[in-house]
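Look at the two complexes coming up: chain A is in both, with chain B in one and chain C in the other.
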Partner chain A sequence: MKHLVWIILAMLLLLATVAIGALTDITDLRRAREWNITQAGQAGAELHGVHVRVAQVWAATAPSRPERAVIVVRLALRSNEAARQAWIGCDVSLSDGSGRVWRPLQTANTDGAIKAISPDGESKGRCTPVPYNAPPEGQEILSDQLFLVPADLLKGAKLRVSALGTRPDGLEFPITPAVRALQ
Partner chain B sequence: MIGDLHILRQHVLLAGRLFLNYGAVLAATWMAGTLLATLLMMLAVEIGFTNRLAGLIALVPVILLQLVLFVAMFVILRDGLPVLRFRARRHRDAPVPEEGAAETHMGIGMLAAALLAVLIPFYGYYAGWGLLGNTLRDYSKTFLATSMERIEFSDTPTERAPTALEVDSTLWVVAAVLLIWAIRRGAKAMHKRNEAGIWPLLVVACEASWAVLGLYVISSWQTSFVEWLAQLPSPGELWRNLLPPASAEVVNAATRPADWPPVFQPGPWLTALFWYALLPLIWFNLGAIVYGHDLNLMSEETQRSAGRVLERWRALPKPLRDFIGHFWVGLVKRWHAVANGVLLAGSAGFALTVSVLVLWRLADWAGRWVWVGLAELIGPRDLPVWQVVQYPLNLLFGAPGQPQDGVVVCVMQFCILAAGLELAGRAQAATAAPAPRA
Partner chain C sequence: MIRPANIAIVLVGGALLGVMMQTAPDYNSVVQPFRSHLATGETGEARSFRARFTGARLAERIAFRRFGRDLVRDTDGVFLIAEIEAEATVASQQIGATWRGASGRDYALSRRAQGIPTGLDSRWFQPGLTDRAIAVFELPEDEIAGGEMVLTNSFNAVFDSALHLAPPPLPADKLPLVRIDP
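After this line comes the complex of A and B, so read on.
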């Protein structure tokens, strides 16, 4: 019994030392992940004062590579500037619900690929809450993300949106893209 | 051979029993010390932000804490060591007419006396093994990390702020030393007046701060001396200037591919082995000094030969005796304990010494592998996760590539050392027992 008290005391002291010593790293870890996910629907949802909506989702597959697909997600953000500034960046990712996560492609060909896949032939650029050509207040800021994923994600995937200033809070949207077969 | 194995078995069993009985208390003590050291380090950094020298002096409690923790671990374990506990009690119960008898009372006074005894050897080891440099480096690292966390990018000062260890001038260090001397003197006077156990601890604190400041000043002077020495041309260089080599050396890269293992060299290998084996023995001796400070280990023969010297000493005129005695008593009290400790450790015998050394290193080695095993079990994670997970692992089993300070391993090592000292005490008692009969 006496031993147990000492062991518990040692554990408590260990926890306290970890909490004090690793405070910065624990804060970093809290900021690194979306620990507190809010499910959002088609109409979108509010995240730290910014309204987020998935405007469009397109996907394409090539006959030569049937196991792969590219998905383009068009996001729309709407808010006043102060709230957008507080976001500090914008991070978008796709997940399959079993822990696998894909980040958007950022290559020299990304812009061209988005223009080829989107029906309007435009690329709105990557997601940023404070673009240099921000539209007037009240209008939506559009952005396009390109993902290269396995084809089974076309049946259904989850899109997560968060930012350094919002984490551990994040939004999750279920997406089912409209597939185009490239010739 | 059978006897050696018997000693090894006894050592393992006793160390295991000590671990079972006192492991939890020791672990809690060690963790409390670690937590306190973390807090004190943060405090020293905060003080260092306002004044660099004050921050350096505020580091003294951190260093002192390591000494107190070291001694406390051994003092806690003493209850489980029948021979050493019995001797200590017998010595304490005996009437001691000398001055300083109050220090051998139970409680905080006893701890203070043990601290005083082990102070100089501990800091010798502490500085010699580069642990003081380690503490200063930790302080520097914490200082830098904290200042990076608080950096204000919009408001950068035009002048570069001094780094953690850039103290304004040596003059201030001298002023600090004088101030500490005054505090120490005051503490000594107070101790004479009311004999509370706290005053010797304050004296220890003052002496520890001297040690830190002194070592810091010496190391900074040493650096400038080495720098001055380095800019002089070496004798070889002078010689080459006088007699240049006849032809350029031919270097053929093909003779030794880079992935060949280096040739086995017995000299460097033995040197490395020596240092590897030395650390546990230093700890063993330091532990012996902790137990030796109040053991009456002076043998009959030593007392007889010392008696003659004492008679002559008493024949000296009293003012001269007082004058020398004032300086001498403090020194003798300490070195008496050191000599006792070395005698105790020395009576361990070859088999026990090897047993202490191998078991101590085995605990270290096992701790390192447990770290690796747990890391394998946790598996690959991204950097932010591992940055957090490494903390409890390091606290439990020691950070890889760092001096061992994991709580589980250290507790085990203290048990191994204490068990070794107990067996050494038994061996000493066994050799001393038949002597009066002969």
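After this line comes the complex of A and C, so read on.
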């Protein structure tokens, strides 16, 4: 009987060790991707206190590389600073519904490419919920993301928006870009 | 009094423990990526990308333009300029490369060739799009023949896949200068 108590105690401690060790991994896994997606429309939607809206989407193709296209997504975030701070970053990606994911380009040429494609010739910078030049509270914070994708994706892509502080929650927007052919 | 049988059990146990300690793989080798060996010209399929070793040149010096400045690098060894074709299959990603020399040593990408046009270190590969990139290694001459290029997920290759790509036929002579253009 005395031995049985020790064996049960050892098993309980083993289980407790596994649970404590797994806690960090489970938290990491929950934050690794958007497990809980909310579909959003043109008017946008709220994600952990921040209103997210897709302001504009443009795309461009070049006759020399017809199999590929670039997409520029202009996002608009609006909320008080506390909610934006709690986001801890801003992650934007495109998906095709079959599990493939495209992340924004961040190269030395990205800013110039966005300026060349956007009709207003401007680049609002990458998405950050707390930019150094944030507009007064109540106004939208704009950002531009550039994606290099297969041309097929222009027929129907989904934009996902989330952040370290919001995951496993995220938003998904259907996007239909206005396509422009570059010379 | 200690019986001989008990002493034998302790000795056998100690010996078994010793054998286990000697033969247990170290942490570094336990968490190695899963390797696929590819023959010359074959396309390798890793967990999150596919790639092919398409060409190789040897050079005494390389020239390229970076941030508006023309740069020339020379070496006491030889520059191996490896050309690859790759495509991400899951998500946009970067690919890391090392050269496993004939001696079994691993050589990282040359930091002296950082920022070359279409350089692998700055290239992002996208799902559905095949792109080319150049990997430049600075190697002792006797590490090239019999070596292979190892491509992995650049972020973390632990328990991921690694492609070991045999090189295409290497040129007999090294070129005095190779200019790397966009």
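The rule is simple: the second predicted complex is superposed on the first by the 163 of 183 C-alpha atoms of A that agree within 3 Å, B and C clash if a C-alpha of one lies under 4 Å from a C-alpha of the other, contacts with A are read in each partner's own complex, and residues count from 1 in each chain.
Here is the rule we use: a residue touches a chain if its C-beta (ideal position, glycine included) is under 8 Å from a C-beta of that chain, and two chains touch if they have at least 3 such contacts.
Values in this document were obtained by computation on a predicted structure and should not be read as measured data.
Chemist: Scan A:Arg68 for contacts with chain B and chain C and give back first, second, both or neither.
Modeler: Once the two structures are laid over each other on A, A:Arg68 reaches chain C alone.
Chemist: Have a look at where A:Thr107 lands relative to chain B and chain C in the superposition and call it first, second, both or neither.
Modeler: In the superposition, A:Thr107 touches chain C alone.
Chemist: For A:Glu81 in the superposed arrangement: first (chain B), second (chain C), both or neither?
Modeler: neither
Chemist: Could you tell me if A:Asp28 is touching chain B, chain C, both of them or neither one (first, second, both, neither)?
Modeler: First partner only, chain B.
Chemist: See if chain A has more residues touched by chain B or by chain C, and give me that chain.
Modeler: B
Chemist: Touch test for A:Ala16: chain B only (first), chain C only (second), both, or neither?
Modeler: A:Ala16: touches chain B, not chain C.
Chemist: Just to be sure I read the superposition right, which of the two partners does A:Asp152 touch: chain B = first, chain C = second, or both, or neither?
Modeler: After superposing on A, A:Asp152 lies in contact with chain C but is clear of chain B.
Chemist: With both complexes superposed on chain A, which partner does A:Glu137 reach: first (chain B), second (chain C), both or neither?
Modeler: Once the two structures are laid over each other on A, A:Glu137 reaches no partner at all.
Chemist: Name the residues of chain A shared by its contacts with chain B and its contacts with chain C.
Modeler: On chain A, the chain B and chain C contacts do not overlap at all.
Chemist: Quick one: in the complex, what on chain A touches chain B?
Modeler: 3-4, 6-7, 9-10, 13-14, 16-18, 20-22, 24-26, 28-29, 32-33
Chemist: If you look only at chain A, which of its residues touch chain C in the complex?
Modeler: 67-68, 93, 99-103, 105, 107, 148-150, 152-153
Chemist: Inside the complex, what are the residues of chain B that reach chain A?
Modeler: Answer in residue numbers: 24-25, 27-28, 30-32, 34-35, 38-39, 42, 145, 149, 382, 384-385, 387-388, 391-392, 395-396, 407.
Chemist: Show me the residue ranges of chain C that touch chain A in the complex, using the header's touch definition.
Modeler: On the chain C side, the touching residues are 89-92, 122, 124, 126-129.
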